[in-house]
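The two complexes that follow have chain A in common; it is paired with chain B in the first and with chain C in the second.
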Partner chain A sequence: MIKENNCNKLIEEAKNLLKQGKVQRIIGFEKGSLRFTVTPLITSDTDAAERLVINPFIVNNLSNFLTGLKGKTAIVAKGCDSRSIVSLIQDNKVKREDVVILGIPCNGIIDLAKVEKLTGIDKDKIDNISLNGDKVLVSFNGGKKEFATTEVLFDNCLACDMPTPTEYDVLIGEAIKPKPPVSQDKLNELKEKLPAERWLYWQEQFSHCIRCYACRSVCPACFCTRCFAEENKPQWLSPTPHWQDNLLFQITRSIHLAGRCTDCGECERACPVNIPLRSLTKEMYDIVDDVFDYKAGTDKEDAPLMASYESEEAEDLFL
Partner chain B sequence: MSIIKKIGKQDLGKLLEEWKQGFKVLAPSRESGAAAFTEWNGKDASFTDWYRNTVTPPKSILLPLVEKMFSYTKNEEGYKLETPPPDEKKQLVFGIRPCDAKAFNLLDMTFKDDYQDPYYLNRRQNIILVGLSCKDPYACCFCTSLGSSPSDSSGMDIMLTDIKDGFLVESVSKIGEELMQNTKSLLEATDDDKAEAENNRQAAIQKISRKIDVKGISEKLRQCFDDESFWQDIAAKCVSCGICTLLCPTCYCFDINDEVTAEGGARYRSPDSCSFSVYTKMPVENPRSEKWKRVRNRVCHKYQVYPTLFNEIACTGCGRCIRLCPVNWDITQTLESLPSSEVKDAK
Partner chain C sequence: MEENTDWEPRIVGFLCKWCSYAGADLAGISRKKYPANIRIIKVPCSGRVDPLFVLKALRLGFDGVLVSGCHPGDCHYQTGNYRNRRRFAITKKLLESMGVDPRRVQASWVSASEGGKFVEVITKMIDEIKEIGPNEMFTDDKRKQLQ
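And then the complex of A and B:
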């Protein structure tokens, strides 16, 4: 469990780093303006660091804010977030010496959409949600309901095999062991479909895409300052959100993330129209693992997967 | 004098079925995975059980995601231009919320009054709005701070309000009155029904807890426009996605693109967003290449530019930009924390 009482340790670390001038800013989480939500806190103010929180709702992958920053930054990072930072270091987007990683061992983040579905109550009407071991207690309408964490954590958290940050300067709390991955029904159902059925499925899903690019905006691995989606010489896809172009965008984005995606799940979570984007990125993540025996963001000394080639490597992936 | 009737909840399907004979009826649906107005399926009227508001605002009925403006084919004799036929059936939007209907009036100022946009007008002039008062506003809703309310019927043709086991149905416009006169499924409302509806309206107003003070907001924004450090701070956590703008009921920026092949082509219009770094980059350059300038623009366009041009704030307090933002960037917090001119002068 992410223990809330570790908040004090985090605040103390953050304040010291700022006070001693070891970092110019801190990137962490603070309480959001809606129930159970957190919001990124990016500040140079020592007093503001008092507002830092750690709780089972700290969903954003904050490494997204690192690219392009000048000066030293202390950043709060869960397991998957730390891997994104490592991946950014590998891609030369962030210098290791410019970040102080405040690592948070993470037992998974609560998916409020799942809680809403299970209780039939919108989150703004739920009184309390608390995580205790492998149970989650939800209070609403004067009553209480208990769920197993496997029912309410994000799908990517249930598949996580690196809950403790792979790279950190300070670990806030005790390192924790990964839990056995929980069967991923949504992905399995999709894989069992015939190709023609799957095609229809994605056609339907991508017909709702509004091309807000939130999937790209929240993704730390989408660090390009110029994205192929907006190139017009040549034009790879139409800016008009036809479903075919929406799908093409997402497939290409997934391929670009090979060896960079840490399965943080942010793309799917951010999508306002609930397109199951992780079903694409996780498939790509698994292929990378199967073919190259590679997991993104586990070793900062590694060359970026797609930027290195060894002569004995299999060539059956070449087009 | 408006007509006041009622409909039982169990008869809602019957009412929609009756209206379906003369209109393309649009109603809230979650079939696509996120709540939106889609053509009513003719069966299920149970959406009132879960419906608070949609994710996709009903503005997309007037300004669709993909608008084919025209297409052409090319042959030896020359070019043949084709414009899509106008919608055949009038549309009836059932269940639109007051904030979203108010947004239609705001969109009119750009697409109907200031400039007559044929694509918009074709739909706008053939639409009937049957509103549904909110009984259960979201925690992010702040319509009461913007001169509206959960039961504001302005812009509606007919307005429904929850009562026990059904809805009170009131005509608002002349068109709404005529439609109600010709609708058989409606029942007579009693004085008790009317009193209950009024109680529910008042109760809903009390449920809106998010409040901002918009008095003098336009002037305040003008004064802090150049306060870069304020806007830099405010913008720091924004990720520059297009959710807040594309899903805003009043944002209307669009992009036009041609799709051309050897045999012909088509011109499409689709929504654009001032949050994007590539906004307006095609014709020239984005004058707001830095994120803080884009964040400032979104706030100022709604709360300063629109009031200056049209004497109206271009925000209806629907709260979608707060509810759907992936980083919980909250416009009400920004508006409440604008540096005052005194502070600025002291600098």
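And then the complex of A and C:
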């Protein structure tokens, strides 16, 4: 459970780090302008660190801000975020000694869209949402409603296998054991389709894509300074958003994410046209686990998945 | 497929210069017959094959893609084929999970002395692709029918 007193512990920790000059800046969350939401806070000011919060709405994967930073940084990281950081360390994008990871054991993040759908009212009219064990209490209009966490947490949180950060300097709160993954209709429906239907499904989804590259921008594993999508000699993709090229872009992105994707779910949340991107990235996440028994961001000493090999593996796929 | 009985599959083969390309050469020198449906591209090593090559070939309408290199342990550059193996495995698995017939995307290990195996691989692959039919992954027809 993410508690208020942990919030104070975080603020104290952050202030000390800044005061003692151990870090140049801190990356965390502060209260957002919309109800219940949070927004990233990046500051080197000790007083501003007062604004740091931890609550069940800290959705973003802040490790995206780490690449390219100079100097030492303290960063607030949930389980999945810490894995992204480890993955960046494996790829030599971030030096371990340059980050102070303030680990947050995470019980899952509440999806406000799901809450709005369940209660049928806008989040602005909800008085309070609180997470308590495996129940979520929503109070509005003087009344109260209780939901199971499985109904209101983000899909990726329901499949989370590492709620406690794998790598941290300070753990804010107590370690949490992973819960058994909840079966997910969205993924199951797709898996039950016939192959031809599945391909049609993706055609349909990617015909909405406007190629804004929000998925790429928000993804910590998409750290290339020059993406293959913009290469023009040879040109792999047409820059105009035809569904064929949109699909090709996303398939290739998923391939590049193999062994890097930590299933944080940011791509799907960032998508302005609601393409179920996580259905694709999770597929790759599972393939990597099945074929190579590998989970991204669990060991900073490991070589990146695609930069290493075993002498015998995956032979059944070769003629 | 019914209306177009003349259809012959076209597949592209990325063959490693040291083994599979030499294997294909040997098949020719030994006057072995294999279907002429393959267009061969010589690559320095199977490790050179980026998954993008495979995807781009499918995007361009090729009915199948073959990636072929030296047997594990025999790579001229020591580890190129091991790297190809990881990359190819995830590419094939992902495409399969998205609904692409896995028989369209194949990989094999063919050494320079295996002219016979090269013939076998190509013949099998072409037969299978004839069974599956033309690559319509990136054509607009099916979507239009749907609408």
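Going forward, the second predicted complex is superposed on the first by the 312 of 319 C-alpha atoms of A that agree within 3 Å, B and C clash if a C-alpha of one lies under 4 Å from a C-alpha of the other, contacts with A are read in each partner's own complex, and residues count from 1 in each chain.
Here is the rule we use: a contact is a pair of C-beta atoms (placed from the backbone, for glycine too) under 8 Å apart; a residue touches a chain by one contact, two chains touch by 3 or more.
Computed from a prediction, not measured in an experiment: that's the story for all the values here.
Model built by superposing both complexes on chain A: chain B and chain C fit together without a clash.
In the superposition on chain A, A:L305 contacts chain C only, with no contact to chain B. Once the two complexes are laid over each other on the shared chain, residue contacts for A:N274 go to chain B alone; chain C is not touched.
With both structures placed on the common chain, the touch criterion links A:A258 to chain C but leaves chain B unconnected. With chain A as vertex, the superposed Cα centres of chain B and chain C define an angle of 90 degrees, given in steps of 10.
In the superposed pair of complexes, A:R198 makes contact with chain C only, with no contact to chain B.
Using the contact criterion defined above for the overlaid structures, shared-chain residue A:L248 touches chain C, although it does not reach chain B.
Between chain B and chain C, the shortest distance over C-alpha atoms in the superposed arrangement works out to 10 Å.
In the complex of the two chains, the chain A residues touching chain B come out as 32-35, 37-42, 60, 64-65, 122, 124, 205, 208, 210-214, 216-218, 230, 232, 238-242, 266, 269-270, 272-275. Residues of chain C touching chain A in their complex: 51-52, 55-56, 59, 72-73, 79, 82-83, 85-101, 106-109, 121, 124-125, 137-138, 142-143, 146. Across the interface of their complex, chain A is touched by residues 32-34, 36, 52, 55-56, 65-66, 138-140, 236-237, 239-243, 246-247, 255, 257, 259, 268, 270-271, 273, 276, 278, 281-282, 322-324, 326-330, 332-333 of chain B. Contact residues on chain A toward chain C in their complex (touch as defined above): 193-204, 207, 228, 236, 243-245, 248, 251-252, 254-255, 258, 280, 283-284, 287-288, 290-292, 305-307, 309-315, 317-319.
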